[in-house]
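Note that subunit A is present in both complexes that follow, paired respectively with subunit B and with subunit C.
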Partner chain A sequence: MAATTLERPLGRRTARRAGPSWQRGHGRIALLFLAPALIGFAAFYLVPTARGLWFSFTDYNLLSDPKVVGLGNYGEVLGDRVFWNALKVTGVYVVFNVATQTVLALGLAVLMERLTRSVMIRAMVLLPWLVPNVTIALLWMWLLDANVGFVNHVMEQIGLSKQGFLFSPDQSILTIASINTWRHVGYTALLLFAGMQLIPKHLYEAGRIDGAGEGRMFRQITLPLLRPVLALVLVVSLIGSFQIFDTVAVTTEGGPVNASRVIYYYIYEKAFTQFEFGYASAMSVFLIVFLVALTLLQMRLLRASTSDLA
Partner chain B sequence: MKTPRRTLLATMLTLSTLTVTSCGGGGSETPAAGGKVTLTYALWDDKQQPAYQQCADAFQAENPGIAIKITQSGWDQYWTDLTTKLTAGDAPDVFTDHLSRYPELAANNQVLDIQSYVDKDKLDLSIYQKGLADLWVRDGKRYGLPKDWDTIAVVYNTKQVAKAGIDPKEFATWTWNPTDGGDFEKAVAELTVDGQGRNGLDPKFDKTDVKTYGLALETGGGAYGQGQWSHFAASDGFVFTDKNPFGSRYNYDDPKLAETINWYAGLIKKGYMPPYDQAGNLGVTPMMEAGKAAMVTTGSWTISSWGKDFAFAPLPVGPQGRKTMINGLADSIYAGTEHKDEAWKWVRFLGSAECQDLIAKNAVVFPAITTSADKALAAHKAAGRDVSAFVEEAADPQGTFLYPITDNAAKVEQLVLAAYESVMLGKADASTALPAVNTEVNNLFQ
Partner chain C sequence: MRKNPARLLAWVGLLAALAITLFPFWWMLRTALTGNASLFNGSYSLLPEHPTPINFERVLGLASPEEARAAGGTAASMDFWLYLRNSVLFASAVVAGQVTFSAMAAYAFARLHFRGRDVLFYLFLSTMMIPPIFTILPNFVLIKSLGGVNTFWGLVAPYFFMTPFAVFFLRQFFLSVPGEIEEAAGLDGASRWRIFWQVVVPMNKGPLLTLAIITAVQTWNEFLWPLLIAKQEDVRVLTAAMAIFRQQTPNATPDWAGLMAGATLAVLPVLLLLVLFGRRLVDSIRFTGIK
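Moving on, here comes the complex of A and B:
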């Protein structure tokens, strides 16, 4: 394991002390500092998760007491074609959203890094990200409306045919993914841009002296050295992308048919409109297992905690 | 050392995915200040809130010891909100209740049985529109007192009808059938205009370039089609359930329903109605206001949202006569309220002629009491609107059928909506899609 220069002196200092840290009197203070985070974590994540796990083994409609049904809910989930379809729809959304978002953000970050020094322009790419999700969803729903929307109006003016966008079964989920790409691309670009600041400038100078063009320097300097940041960005966007809910809830409500019924919306519907809390919890447990596995796999594949700089 | 820490990080990142946890919002203030009892009253229609505020003011004047606090949230949030508050024991003392929702609430002991109060006060239930009061009785227990009712009629753009050369007087007796759509479809075709100004009956009519659709399309409405297709299906002889209220078998496999839905979806193929994916979910009003559609079937609760260019006509007469769905709302009392007697007083007042006359004057909905409904009709007339179509339909004893009341309403809705949408999108035929979903629906009642 390649330790970074930052970790080394810290490691030496602690090694000099004898005994575990809690005996030295720092433990309590450390605990005090950790308390706000720990309390929040316990109250808002740990306890609800444990309750959710318990509900997943019960038949619970919110209004009467839960009845234990063992693994019944899990069996039903496995046979529920809407659940599998929701996973598929979510998968399409995540792949399309993360792919377009990352590629566009990388392009934007390079432009910000190599072409402009203007803070104005750099700040401007963040604008869509500053608008609340629900507002963005409503805005695009009006813009894309087939009858009174601006986009279709322009398309008809230039001779293209009217499109259903959000309410067409073939375009629905891709439209939602594009809306969120539009919203998040600036933020992702900013993260990548920050990562690019860590790449030593002399590498580019050396590259230029050796006669490398912008394209080659991007492929052989920027991309490899950006990998740890890129990995983090991918993990964060992937998990964020999986959580797609608000845009669907505001615009399509899962329709038409099941074309945009993503997994979180389906879980929400089961829990809060059909009041099958046990069933919804079982789906959530499936999802958590799936996401942990996916995250670990991704971290491993991208070797996120090591840098090529060291 | 590396792996466990990373696992922890990954776990913490993903723990946020288990978000199914109930969160009851505060809202109900039951404790009394200075011996005064405060009751919360929940409703979902913002257009009705001012009228009910007038009722509350009148009630408070008569009952100085009771204060009424009205809370309003939109239909979509209303039931989620109510359920989470019921779970948290923090529900409004009195709330507006819907026929499709009360069976589940009653089954879970969340709604107070008011039969003993009705008996004690010797309340006359015959003042209400026929049949409305008894909808709220299940197994001898009464769960609400009727407040209003609604029916379906046709709303049309008067200018476009005049331009098409149609005399709206013909609408009084127009017919419909699932084969060729009768007079109704002929009117729809005549009102449909393409980019060259040709109407839907013109052999050269270009359905790919429609400027005004004859009939607007409201999305949703899968399982019950209240404003969309229920009246057509019923006038062809379709009946939703084996019995109503509290049926346990749906009849979505009835070929009469399939032919109605296929006719309805056929209007899209002919270019008379907008494609389902282009109908949008902004509602039909913006489309009608913008002149992009000339006519639509709609519920009486939307009356006040139509401008002066619009007028109402009765539904067409089908093979089995003219049929409209009639639906009624009621006020129910939360079983866990600390002020049962005060809550009953308020519900009794809401169901009295005094309050319902106030509602009538606001001309938003039709009150459940027949004499008050007549006053609402007069108030509409004074406002320059002729809404007699809705009232005459309700008065015809053979002309109405009830909103289907069953258990599992939310699940039925989800299943049938998906099947209905696939037909409307042209991806399936009603004669195969509906029987298939009917099996799934009836399995819910096994």
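Moving on, here comes the complex of A and C:
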């Protein structure tokens, strides 16, 4: 799970001062507080990470004992056409999904910010994000049905031809990306909306006195001052978007042919339908490399953009 | 204020966005209330033509096999009550464990002094960068070797003790509360354990509730792990059940009316959450970055 918060990162207020004697040296009581979390952390995060790395150097298949194959899996991954295709498909998905989602969310956030404080409206906007991916995927599968789907009905009404959407090789991945854009726009808009609350109101009043229109105020006040939040939201979206799985698993299962076989789904197939745990782990290591690169990018962007309001 | 026409146009835009957001849910309900047979008669009226509760009865196992088959479903009984119950149990157990244990750990990181504290905390944080699919493989092997496949504890275990995000989230709040009250309680001789439960927890009710809601929503939506671990009926959760339901449909065309009835049932708890905690949920979004 890629997680972060819009609050300022840690480290600022670490309690370092030496307090009264009852505050110092809590080794034993600290262990009591930490014990359950430590058990969970070791069992389900730390050891599995090491074990996953170990798998990636073996031919582990869940049935027989793992045999070490060195860098064999990595070499095979690099020569695997389906893997490269999966990366390409994932790339198309991520770019389309993040771009549309961010632009639409920005528009929606501005509208909400300018028009209303209504919690009702914000709650409605958030609804798709709260509903399980699986439900959303089925719902849109029905709406986009090639024969009797509502969307194709509308297409016909306005004089366009029926489309295959999820089951057309050319459209499937973009359709999946659009479904998830629909699901996440409200959520992303609320993140940006929260960021907009941090912009001092007097700037807009000053702008208005100077005779600036809404468009100019958006370009010259909102956008520059929102940049840190926007950068954070963008990279969080990128990392989340990379891990697209549920929608693909419920609707197309990677098809037609490989048209929507994204990297996460390919790893899942290798591991849980072909039981090639070693190979699947090696692919996951590549995925980690991409995600760490994105995270480093995030930190750079954040550092590069903290000064606007200071 | 800007000129009125512009403002009107903006409202039209916002209402259009709301319509696009909400319409699919209306269509879901409309389909759920329509008999399967009349889904294909070319009617796209916004209201169901002959509203019928048969689809809800089918997915809740209230209709007889004959009735179910007549309505276009399988004869196999769908027991959404069971899946609903399993999902509720899954989410409740995860919320209870994760919030409690993460709060305890967060308190230790925020207020206690012990060797290796910062190193350990950064180790916790660094695992946030690892995509779940990477640890799901070894976690599956672990749970399988412990005999946890198709058990409730196997389903809950990986989420039960902590997530790095939960610890990080609560630590931020514990740090921002002034330490004086705790110090006063400490000077009065209260133990750290009592201070935590009687001072820190009550003072941080808001963030704890927020975390509980975020965790509940996330667990409710969880798909891959339950799909792998909880395959049998008695532990199957709603998300996995819906995906399996879709694959099981007898004909080439899925049983859309039944599926939409199931989907409606899956949305109801979310609506309840929105009604109960709307403002808190909406305000808490800025603390998350979870997909």
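To be clear about the criterion, the second predicted complex is superposed on the first by the 258 of 310 C-alpha atoms of A that agree within 3 Å, B and C clash if a C-alpha of one lies under 4 Å from a C-alpha of the other, contacts with A are read in each partner's own complex, and residues count from 1 in each chain.
Criterion: contacts are C-beta pairs under 8 Å (C-beta built on N, C-alpha and C of every residue); 3 or more make two chains touch, one makes a residue touch a chain.
These numbers were taken from a predicted model, which means no experiment stands behind them.
Residue contacts after overlaying the shared chain place A:Val131 against subunit C, while subunit B stays out of touching range. Looking at the shared chain after the overlay, A:Asn258 reaches subunit B, while subunit C stays out of its contact range. In the superposition on chain A, A:Leu115 makes contact with subunit C only, while subunit B stays out of contact range.
By the touch criterion defined above, A:Ala194 lies against subunit C but remains apart from subunit B after alignment on the C-alpha atoms of chain A.
Residue contacts after overlaying the shared chain place A:Leu78 against neither subunit B nor subunit C.
Of the two partner chains, subunit B and subunit C are each touched by A:Tyr45.
In the superposed model, A:Ala146 lies in contact with subunit B only, and not with subunit C.
One of subunit B and subunit C touches more residues of subunit A, and that partner is C. In the superposition on chain A, A:Ile288 makes contact with both subunit B and subunit C. Looking at the shared chain after the overlay, A:Pro36 reaches subunit C, while subunit B stays out of its contact range.
Common to the subunit B and subunit C interfaces on subunit A are residues 1, 41, 45-46, 48-49, 51-52, 55, 62, 141-142, 145, 148, 239, 242-243, 264, 267, 271-272, 277, 280-281, 284-285, 287-288, 291-292, 295. Interface of subunit A with subunit B (complex): residues 1, 41, 45-46, 48-49, 51-53, 55, 61-64, 141-142, 145-149, 161-162, 164, 167-169, 235, 239, 242-243, 251-253, 255-258, 264, 267, 269, 271-275, 277, 280-281, 284-285, 287-288, 291-292, 295-296, 299, 305. Within the complex, the subunit C residues that touch subunit A are 2, 6-7, 10-11, 13-14, 17-18, 20-22, 24-25, 27-28, 31, 39-40, 44, 97, 100-102, 104-105, 107-108, 110-115, 117-118, 121, 123-125, 127-135, 137-142, 144, 157-158, 160-165, 167-169, 171-172, 175-176, 179, 183, 186-187, 191-193, 196, 217, 220-221, 223-224, 227-228, 238-240, 242-243, 246, 254, 256, 259-260, 263, 266-267, 270-271, 273-274, 278-279, 281-282, 285-291.
Against subunit C, the residues of subunit A that register as touching in their complex are 1-7, 10, 13-15, 19-20, 22-27, 29-34, 36-41, 43-49, 51-52, 55, 62, 107-108, 111-112, 114-116, 119-128, 130-135, 138-143, 145, 148, 150, 153, 182, 184-187, 190-191, 194-195, 213-214, 232-233, 236-237, 239-243, 245-246, 249-250, 264, 267-268, 271-272, 277, 280-281, 284-285, 287-288, 291-292, 295.
On the side of subunit B, the complex with subunit A involves touching residues 2, 6-7, 10-22, 79-80, 83-84, 86-87, 104-105, 108-110, 208, 219, 274-282, 286-287, 290, 292, 410-411, 414, 417-418, 421-422, 425, 427.
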